[in-house]
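Labels for the chains are A, B, C and D, by order of writing; each one numbers its residues from 1.
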Amino acid sequence: MVRTYSLDSKKVASAALEWLSARGVQLEEIAELVMQGQSEYYPNLSVEQCLEAVKRVLSKREVQNALLLGIQIDILTEQGKLMPPLQEMLVHDEKLFGCDEILALSIVNVYGSIGFTNFGFFDKTKPGVLDRLNNKESGEIHTFLDDLVGAVAASACSYIAHRKQAEAEATMGV
Amino acid sequence: MVRTYSLDSKKVASAALEWLSARGVQLEEIAELVMQGQSEYYPNLSVEQCLEAVKRVLSKREVQNALLLGIQIDILTEQGKLMPPLQEMLVHDEKLFGCDEILALSIVNVYGSIGFTNFGFFDKTKPGVLDRLNNKESGEIHTFLDDLVGAVAASACSYIAHRKQAEAEATMGV
Amino acid sequence: MVRTYSLDSKKVASAALEWLSARGVQLEEIAELVMQGQSEYYPNLSVEQCLEAVKRVLSKREVQNALLLGIQIDILTEQGKLMPPLQEMLVHDEKLFGCDEILALSIVNVYGSIGFTNFGFFDKTKPGVLDRLNNKESGEIHTFLDDLVGAVAASACSYIAHRKQAEAEATMGV
Amino acid sequence: MVRTYSLDSKKVASAALEWLSARGVQLEEIAELVMQGQSEYYPNLSVEQCLEAVKRVLSKREVQNALLLGIQIDILTEQGKLMPPLQEMLVHDEKLFGCDEILALSIVNVYGSIGFTNFGFFDKTKPGVLDRLNNKESGEIHTFLDDLVGAVAASACSYIAHRKQAEAEATMGV
């Protein structure tokens, strides 16, 4: 019997969350990056709101696709399954190899251009979870994942900014 | 003895060309797409100029990186080495999975925005080599490669347009 | 008395729709492009669904921003208010000037990468309203608007694709 | 007598440099941003090399186009020539208006994805000339220009990275 293919969006969504967790990334850690990036603009911002924003970003199909692909590449790199010279470039997170940033930007794009600044800032300063992912001494390879997590955090920052504007306008309307 | 890593740009460049050939894509076929896309604007355009443009595009590091990564993913998909649901999405070139287009656009970007139109047109009409790569009955998987080859052709179209403008201005200058 | 600035999202949204209308573009015309682009995949697709998709895309802030800026530039170009050589390049929709495509792509990005193909195809084939906007003999300048309208249509195509998938999965779930 | 239009690339190039200078931006200031961004990686990097990189970036047509358009919009904003609500959003460099970042990213794209990080970092930390351009108390409007200058600097950082790699490989080859 031939099984016909059909996309199962729920499986894609849950796989993205499971893979993220399996690679050691907690949603709360991403929320902390968001808090760090946005609290200066919104003093009343709560960790719960940041976590909610992260979950919203992770509910987007484009974001799930990028996470699945990036984590898969990281795992195969860890297992030494890629052909040279790609294997070597990815093991060493080669600076002149930019496909990881490309994939990350497709996440940032989903919530608009205001995420670019935060993405670049996170990528340069590597706060919190990004520092751990970027640690080359653990034996783990997160060449794609560190950029993707930074992009999810940056997109959540955008989401917060849009949401806070809507709240402010709703209040003024009263 | 520890071997330190250092990027070898020549190896990256030659690997990109070899992998392209190993996956059955001839540079002449890409040049034909360029000819098809640009000959209406430049009646004197020769196949040699198109081939030269394709080679120029392929000499760019960003393009080589995207080709190596995309072809690697295609090969691993063919071998069934990816985890579900990514494996299934890539085998079936899932329409709502857009990371292949994302990677392709990073190629188009290198020669500027005028390549976008040609990329989309090639991707929709699938002329020549793109039709063959997109054939799902061969058993081969080219989920990434068909978009990447279309992007190389679109970038070469941009290169031709810039080059022809330079030639026209040089002639008028005399 | 100093009036402090605060963003009024409703004004931005309504201005985008009004400017579009003032420049002679009907939402129904954009919906027709969507119908043309997607009806082969979804035989039961209705014009109403396409129009609904167009309205959804136009409700996004990023899309409104790009429309306002692009239409403003077109109007100023028509009035001859730009400095040379920018004025000349925009009057003649210079092929090697790609900022109009750049702005259009920021619209396409909002609904993910699957819109790129349709954008390029519309831009190359110029169906319906795009042909009229692109007509250089009317005296009107739509250097930016034709690309932006094509991008709105392409994004609405993406929206339809995502929506139809959700419907299919909901049906199968029953 | 009808004058036919033809693109004059030299005029476009020189206009971009003149407008940059007329808006108070010296190439040496951009070079300083590059020095600041790259000197930690290349201790022997000289200001002359940074200035050379900036000039290279500015020689690209896509970059010139974006500069001309962005500066033109800034000037028209300063003169109050735009329609509301666009005028107000641009005067106040509205955080949720991202077309300036979009245009800037088209510059960053030219030298590949490794520029994104530096662009975001410059945009967040606003060093040197960017702080002056971003000063809202001068009466001048640089809503687009501050992002564009940051993007030129970020692209020049990419150029330096590619160039230094080529030098290192040439040395090892000997």
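Quick notes on this structure:
The definition used in the following text is that a contact is a pair of C-beta atoms (placed from the backbone, for glycine too) under 8 Å apart; a residue touches a chain by one contact, two chains touch by 3 or more.
All values reported here derive from a predicted model rather than from experimental measurement.
In summary, the pair chain C and chain D forms a contact in which both copies contribute largely the same residue numbers, shared numbers making up over half of all those used. Chain pairs A-C and B-C differ in how many C-beta pairs are in contact, and the one with more is B-C.
With centres set at the average Cα position, the gap from chain B to chain C is 27 Å. Across the assembly, chain B contributes residues 7-8, 61-62, 96, 98-99, 102, 106, 112-113, 162, 165 that each touch 2 or more other chains.
Those residues of chain A that touch chain B in the shared complex are 5, 7-8, 11-12, 15, 61-62, 65-66, 68-69, 72-73, 76, 81-86, 88-89, 91-92, 94, 96-99, 102-103, 106.
The touching residues of chain A, when paired with chain D in their complex, are 95-96, 98-99, 101-102, 105, 112-114, 116-125, 161-162, 165. Listing the residues of chain D that touch chain B in their complex gives 6-10, 61-62, 106, 109-110, 112-113, 162, 165-166, 168-169, 172.
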